[in-house]
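Okay, so here's the structure we're looking at.
We call the chains A, B, C, D and E, going by the order they appear; numbering starts again at 1 in every chain.
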Amino acid sequence: MSVSNLLENWAQFRHFHPIDDKPHDPYKWAMSIDLDACTGCNACSVACYAENNLPVVGKEKYQHGHGMHWMRIERYWDEGLGVAGGSDFPDHGAQFLPMMCQQCEAAPCETVCPAAATNHTADGLNSQIYNRCVGSRYCSANCPFKVRYFNWYDYPTTDNVWPAEMNQQLNPDVTVRSKGVMEKCTFCVQRLHAAKGTAKNEGRLVHDGDVQTACQQVCPTGAITFGNLVDHESKVHKQWQSQQVELDKDAQVKDQKEGGSGLRGYRIFEELRPYPSVMYLERVRESAI
Amino acid sequence: MEKDTNESAAWTKRENESPIPKHERRASEKDIRESIAWAKINQDVLKSMETPRKLYWVILFFAFAAFSVGVGCEVYQYQNGMGVSNKNNPHAWGLYISTFIFWIGMSHSGTLLSAILHLMHADWRKPIFRFAEALTTFSLMTAGLFVMVHLGRLWQFYYSVPYPDERGLWPNFQSPLLWDAMAIFTYLSSSILFLYIGMIPDLAICRDHLHEGWRKNLYTWLSLGWEGTDRQWRNFRVTYLTIACFLIPLAVSVHSIVAADFAMSQQPGWHVTSFPAYFVAGALYSGCSAIITLFIILRYVFKFEEYMTLPILKKTVRLTFAIAMIWTYLNAVEFASVWYSHDQASKDVLIQKVIGPFAPFWWGMIFCGSVVPLTLAFKRFQTNIPVLFVVSLLLNLGMWLERWMIVAPTFSHGYYPWTWDHDQWPGFVQWGMVFASFGWFTMLFMGFCKVFPSVSMYEVKEMVYHRKLHLKKSETAEQGAH
Amino acid sequence: MIDSGLDRRDFLKVLGWGGAAVALSGCGNTSVEDGKETVVSYVEAADYVIPGIGVYYNSTCAQCDAGCSINGRVREGRVLKLEGNPASAINRGRTCGLGQAGVQHHYNPDRVREPLLRHGDKNEVITWDKAYALIAEKLSGAKGDEVAFLSGGVSGHLKVLLGNYLDSIGSKNHFVYEALAPAVVRAANKKAYGVEMPRYNINKAKVVLSFGADFLGAWVSPVHFSQQYAQFRKGVDGQRGVLIQVESKMTLTGANADRWIPVRPGTEGILALGIINALGTASGDIAAAVKGYDRARVSKETGVPPGQIDKIAALLKLRSPSLVLAGSAAEGYAHGSQNAAAINLLNQVLGNVGKTVEASTSVPFPQMAPAKGNTVALKSLNDGLAAGKYKVLFCYAANPVFTAPGAMKFKDHLAKAGFKVAFAHYLDETALQADLVLPLDSALEDWGTQVPEYMTEGAQINIQQPLMEKLHANTRGMGDILLALVKQRRAEEYKSFDDYYAYLRGAMLLNKNALGGSGADDDTFWNETLTKGIVKLAGSAGTLSGKASAAGLTLPVPSAADVQYPLQLIPGVTASLRDGRHANQPWLQESPDPLTTIVWDSWVEIHPKKAAELHITEGDIVEVTSRSGSIRAQAYLFPGIHPDAISVPLGRGHEALGRYAKGYGANPFQILDAVFDQETGELAMHETRVKVSKTGQRVVVVKDEGAAGGKQMGRKIAVLVTTDEVDLSKEA
Amino acid sequence: MSQRHLLALFNNFEDAEAAIYELRAADIKGFKFDDLTLKSPIEHHEVESVLGQRSANVQWFSLGGSLVGGLLGFFLISGSQANFYAQMKGGKPIVPFPPNFVLTFEMCVLGGVFITILGFLICAGLPAKRSPLYNAKVSEDQIGVLVKADESAMPKIKGVFLNHDVLEIQEEVSK
Amino acid sequence: MHRLLRLSILLMGLSVAVSGYAADAPQPTLTTEDDLGPQVVQPIEFPHDRHAGLRNPGDPLKGGMEIDCMYCHTYARRSAVAGIPPLQKCIGCHQSIETVRNKPRIQELFKYWDAKKPVPWKKVHDLPDFVRFNHERHIKRFVEQQNRPTQEACGYCHGDVKQMTVARRSKALSMGWCANCHQKDHPVTAAGGTPVGNQAYWYGFQKPVADAAGGEYKAPDTNNIKAQGPNDCWQCHK
């Protein structure tokens, strides 16, 4: 009875998230990425293609910006490079940043979807339901990170995307998306569900290390940490805590310390208040050289 | 006026051929001749529904041709996916949404002229409000088409319609797109009803003066047995007034909701507080200029020189000029507030428009939207039909560019520099669809004008009657004074 | 493991196609669809085969020679994804992108499926029996030394079997060719340390000074080094390791360096000697040898500012132990050996030998140790072919027609060989020149053992086992083919082995005790071995000699500008495409190059300053001309390259191989000059001089990077701090 | 006593008005003034001074309609937001006010307009069959006065009309 | 005015009805218990009634054998898919049951066995491919943790299979139908499957209530707190 439900539970329907409520019990999936360890090798991106049935769109479509890499590695140069007064060479190397859906707690994409195809799940994920998507692309328009990818063509039926034998590699746990739907990084929700199912069967919670995302699992330098932020034993929780980054803040206390806090945890576009679930650790460069 | 170009001279010549005696036209700046007989009004308007000039058929043919292009594009896009329209991941919307806003904006003219002027008892609206309302209705229909065309999975559009279904799912009422859908639905149905209600007495006239055929049946059904009794007129007046009252806030809400599509988002260049006002002003602006365009076309095609008179045109033009200046001001406010803020991302978008790859279009918009209307301030142009025709088309072009300049630069130049993309231009499918929308609109509009009276006969009669009454009164008063 | 009776196609339609069927049905219809699909069912099924549940098998990655152990997820008989095997000391559960794409090698639609007899451009499908008979026939008409076998790096039992086969033919002409092997460094190491490939402890070093060693990208064992690198960055006692990369073209490792030093191409050795000089700690003949390399001269010759040299020297002095690496950029010159020797000398001077450079362990079965590929082999084969010495040529795991320098004219010489047999996965450029093409099983269908060249702590033998049933009925494992061939000659000796699997099992069981299986019964041992996928061995640790000396060290002064060919061509080695053998795996093609973010195409890296001089802008199609030929590719303005050099990545520009490789990009191998290292005779890859000219054509560079380039435009996206701003010891 | 209809057509409103004034003053037996209907091609609101204030209740429909629309809108939306599948979106409450306000407003207008139209049809007695005494001229330029009266009153009424330049008088054919 | 009143009442009634229908969770249009789904033609007409049906004490040759569902559909408790038993399993029994050996259906079965080909059974309960129903979780919950009879637990979705020969769908298996169950009270227990913590009820918005009486079935570990079942979209669509 929806109307009676509405009236009975009025207070709960009026909670703002994540400031007012803390529904993250027992799970809140979160990630931290150490940019100092990330070498930009692209293994995570390829692993994501393998795990999540991402189509290879080919040169021409890639040129038109139709690439479907849920996880993309961005390469930045120092701001001083090549400008007057700066160096002609990237003396401190490049800077790599793996960028995928930040699973924002207050995701700008969720509110704008007309069909309610993208929602916030109880364990802190930004769900994308392909079969509900009508393809208005409003979510992508409103994503500050631009990490949502639209199926501009029907890739399953496109030549050379998954030809003859190649389609046998498709992961049966992940729906292959047809034309006209939006998709994005899911934190490998199929793996999370399998792990949760196993844990439930055994009457326990998912322990840290029970489940890894595909990108985390492959990362040669272990730059990606993934886990349950609520679980105090999890590595990701310890990292967030030691970096004094809090989920429901739009500016961290540590950042207001004069002279710096000596910590390097930050979240991208925190000030826009999407409350991302991915903490990055700043890249470090030696000052003595 | 006489000193103008050859083309102008030709128009003047045509003007001379018009059924209004020259001296009468010249004599007074009257909106309408009081001496027109009511029977002649009936006769003229009814004739327009039967024998328009040949140009009518030419327009209809080209409109249909343009529409067919769009059908082809849509079939192609439907089968192959949205990618064929040359959109990509930052450029998710492209021309469809900007043209959607354009048509929504255009729809505001009908309401403005009809409802606001009706409430203000500005009776010069009477000969032109009918086609303005039709303009509202059909441009809304055109706009609605773009919502559909824009969807990646058109065949699933009903997922965003609120109806109780077996799944127990509802659309997301938080989405401004849903507000849009709701507002447009409300606006469209209200506009159609407003148009229809206002047309009932005229439908009765049509019914009475046709003898047989499908049209007779159509008018008989649609006129609901209207006889013009005092009871009918009385309730008609109240109803018309009430709906006009409903429509004004509704119209404002519609375009501010369309503005909310952008303002409610978080993107630089969109997340602007003044957007609703800006959108509404832009909407009225494009609506008014569209009215001028259609005024000129209808006046010629249906030989309405006696009803759609130059003084009325002049009033419309002056209104348009005022709105153009409001729009210009709001434009300036928007840029100023962005500039004054320290939001680097929004500034970047603005700079991108002014000197980036969009600069030609942006400056085109400023030229068409703010500079061109300055001509309207000159009295000599206010009744110069060829000039007005060109100017009104330019204004519309400017308004279309404005919508494009709202939508596209934020996509190409959003928060995230890595995804900036300055090379993606709309593909032929998008242009085809935009082109076709004009055909579709013209087709519907011209069709309407042929089937239904595009000048409100009873209101013109009222106008003539009241003017005459007024004239008589003032004459009496004059005589009394003597 | 997999039931032979299973109708694979049928059941793939049921579960495997589930995803695809969604797409085809348009995701929309919520009504159930009874009776339209067939449900999966087996005839017989092992207990652990449960539909919907993935089973994991251990095997070894065959995408490169590093020997990472993998763990394949198999569901309903299909291998879906490869993960790293955590038990392996090499990759510890991790893989690289190239390794991930292994499944695409297996499922590749362009694999050769039938034995093909080639007549010009036409293929005739023949049976295996006929193919074997043909080989026997051709061999009977040739003397032992008229038979040559060209292969890539091989190891393990396959190497043994191959050796036996060549022995049975009486041929000693086994050419082991790898286009991108660190062969000069091996030789220099042998001289300096007494071993070809010592163990580098990047994780123990406080400073790593790398002369063009792309150990994070494509050098030797990148996944292993990446893990060490992560530890190195975390540092000992919160003191983070410092990476200094000296190279003329920025590699992935260079992009991760604290200080990247664009050295003039070829002067790496001079810089190394200059640093020794600046350190001032050397004595004896070393001190004498470096005496002339004062900072002014070194700076002038290398282009590195004097202050920089001092800073490096000071840091190296301050933080010990350090590690100096000589990589492919240093070795790729005519004086490559000298460069490498000078760099190794620096290691010696810094006292790193024994600390961060340690002796490697080797497998106690020398016959299984890897046959290391190099380019000398190619040269001698090429010479032999040119002389028309060979009547029969076998080619396995190498694509010399694609990778041989254009100046060698290998393709022309190859035509002189009488009968060419290619064992191939794809119809690559070399296979197209062959007379007989024999289709190979993919690494995920085949049995094998592998001994990696670069060993980490302890030695290990990697097991390769099929992760699924053969995709194509008529492909064969290389082991099976060799066994069949060797049986032609020594039937008696091998008659007890039905197939390579039996051979492998037999061979492993024979040495059960040495392989750590003493006491276990055969089946237990064997099953355990397969389960683990790795056999860990005590191994025999060698010792390092540490006898690097400056004797004979002569480094040429950089040559004066070449007016006709003013630029140095640096062939870029990317982590995903390497020498191009995997270019037909679309994930790799679409995986952006980390530094330029370009996909699906080749490019010419030019420093923006140089480009401005030449009026070249991004997307200009430029012609790169060397003395040996020319190629065309799009220009990309890249700040991470020395202005006197340009770089074109290797691996693309295939004329064959498959639908994802053919016609994409240009092949810089084609324009390499045939210059060789004076000491080892290895091909000097970096010694080609070129000129660049605009063709007038322009394209849009297909890349992931947006219009902002690599700039963050004032946003706080990827943040950089220096070590004095952070306290790493606080971190969890 | 049987009643009959009679339609008189006038050339202009003044004549008709004068005739109606006279009819009102005449107090003819068998004729109630409320049974007089004016048919005109345009609305003459001056007619009120002759006919008196006759009721027009459409505005009450408007009020009711917009209230019903608004309430329905709010509860339909809020209720459906609070269904089983309620999912948090963008950190906003499940039942958020700003969107629901917007939609309630739209529903309010929608309800208002629809019910107003309904009210109009009800109040104006539409749709209806045209009365047999209808002249197409009424929709052109003539004013019609339709009266319903006892047969006995007819001659008097006709007389009044004839006094005022009536163009034509149509009578219902007696049964 | 009567007409007006009637119309108003009609209108109000209509709106109340629509809003009532709309606001409350709509009931899926079910195929009724008697109304079986479409007949699916199987390669062998498998008699479920003979295998799973109740024994006939009078004539053992006529009645069923009361075989547990999961004797054959053994994957259901271990995997998301229930699966069809391998042919081996059928043969395992049937090669020693001489009495029916010559029946045409059994002969057909052996034909497949001799050819070593799997029987191409058709899916009967075939959900759209974007729906991921997990058999294992449901079996664990109802059969293992709540000790309900297998046939009852399976019957929730599959109907009374023991009465059928070839299985036919007898439930709607639509989204609303699934939600019907999920919307009912779920016990929140450590072992009961629904995770302990706030998440269980937070999004379903039904506060947990202590139910002293308990349901008909009392799971041993229940601490009698009830909430709604999992409701997030990713539960079934991934």
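Keep in mind that, in the parts below, a residue touches a chain if its C-beta (ideal position, glycine included) is under 8 Å from a C-beta of that chain, and two chains touch if they have at least 3 such contacts.
Computed from a predicted model, the values in this text were never measured in an experiment.
S.K.: Go through the assembly and pull out the chains touching chain A as well as chain D.
M.R.: Shared contacts of chain A and chain D: B, E.
S.K.: Comparing A-E against B-C, which pair counts more contacting C-beta pairs?
M.R.: Contact tally favours A-E.
S.K.: Counting only C-alpha atoms to place each centre, which chain is farthest from chain D?
M.R.: If we average the C-alpha coordinates per chain, C ends up farthest from chain D.
S.K.: Taking the mean of all protein CA atoms as the centre, name the chain whose own CA mean is closest to it.
M.R.: Centre-most chain by C-alpha means: A.
S.K.: How many angstrom between the C-alpha centroids of chain D and chain B?
M.R.: Chain centroid spacing, chain B to chain D, equals 30 Å.
S.K.: Go ahead and note the Å separation of the Cα centroids belonging to chain C and chain E.
M.R.: Computed value for the inter-centroid distance: 53 Å.
S.K.: From the C-alpha centre of chain C to that of chain D, how far is it in Å?
M.R.: 89
S.K.: Centre to centre, by mean C-alpha position, how many angstrom separate chain B and chain E?
M.R.: So the centre of chain B lies 57 Å away from the centre of chain E.
S.K.: Counting only residues that touch at least 2 other chains, which ones in chain B make the list?
M.R.: 90, 153, 156, 166-170, 172, 174-175, 178, 415-416, 418-419, 421
S.K.: I need the residues of chain A touching at least two other chains; which ones are they?
M.R.: As it turns out, chain A has residues touching two or more other chains at 2-3, 5, 9, 12-13, 23, 67, 72, 74, 108, 111-113, 116, 119, 121, 127, 130-133, 154, 174-175, 181, 269.
S.K.: Which residue numbers or ranges of chain E touch two or more of the other chains?
M.R.: 22-25, 128-130, 174-175, 179, 203, 205, 232-233
S.K.: Dump the list of chain pairs that touch, please.
M.R.: A-B, A-C, A-D, A-E, B-C, B-D, B-E, C-E, D-E
S.K.: Please give the residue numbers of chain B that touch chain E in the complex, ascending.
M.R.: Against chain E, chain B makes touches at 163-169.
S.K.: Please output the residues of chain D touching chain A within their complex, sorted ascending.
M.R.: 75, 78-84, 86-95
S.K.: Applying the document's contact rule, which stretches of chain C touch chain B when the two form their complex?
M.R.: 26-28, 30, 700, 704-708, 711-715, 717
S.K.: What part of chain A is in contact with chain B in the complex they form?
M.R.: On the chain A side, the touching residues are 61, 64-67, 72, 74, 99, 108, 111-117, 132-138, 140-142, 144-146, 148-154, 179-182, 269, 272, 274.
S.K.: Mind listing the chain D positions that touch chain B in their complex?
M.R.: 37-45, 47, 51, 54, 56, 58-59, 62, 66, 76-77, 80-81, 83-85, 89-90, 92, 96, 99-100, 102-103, 105-107, 109-110, 112-114, 116-117, 119-121, 123-131, 134, 136, 138-141, 144, 146
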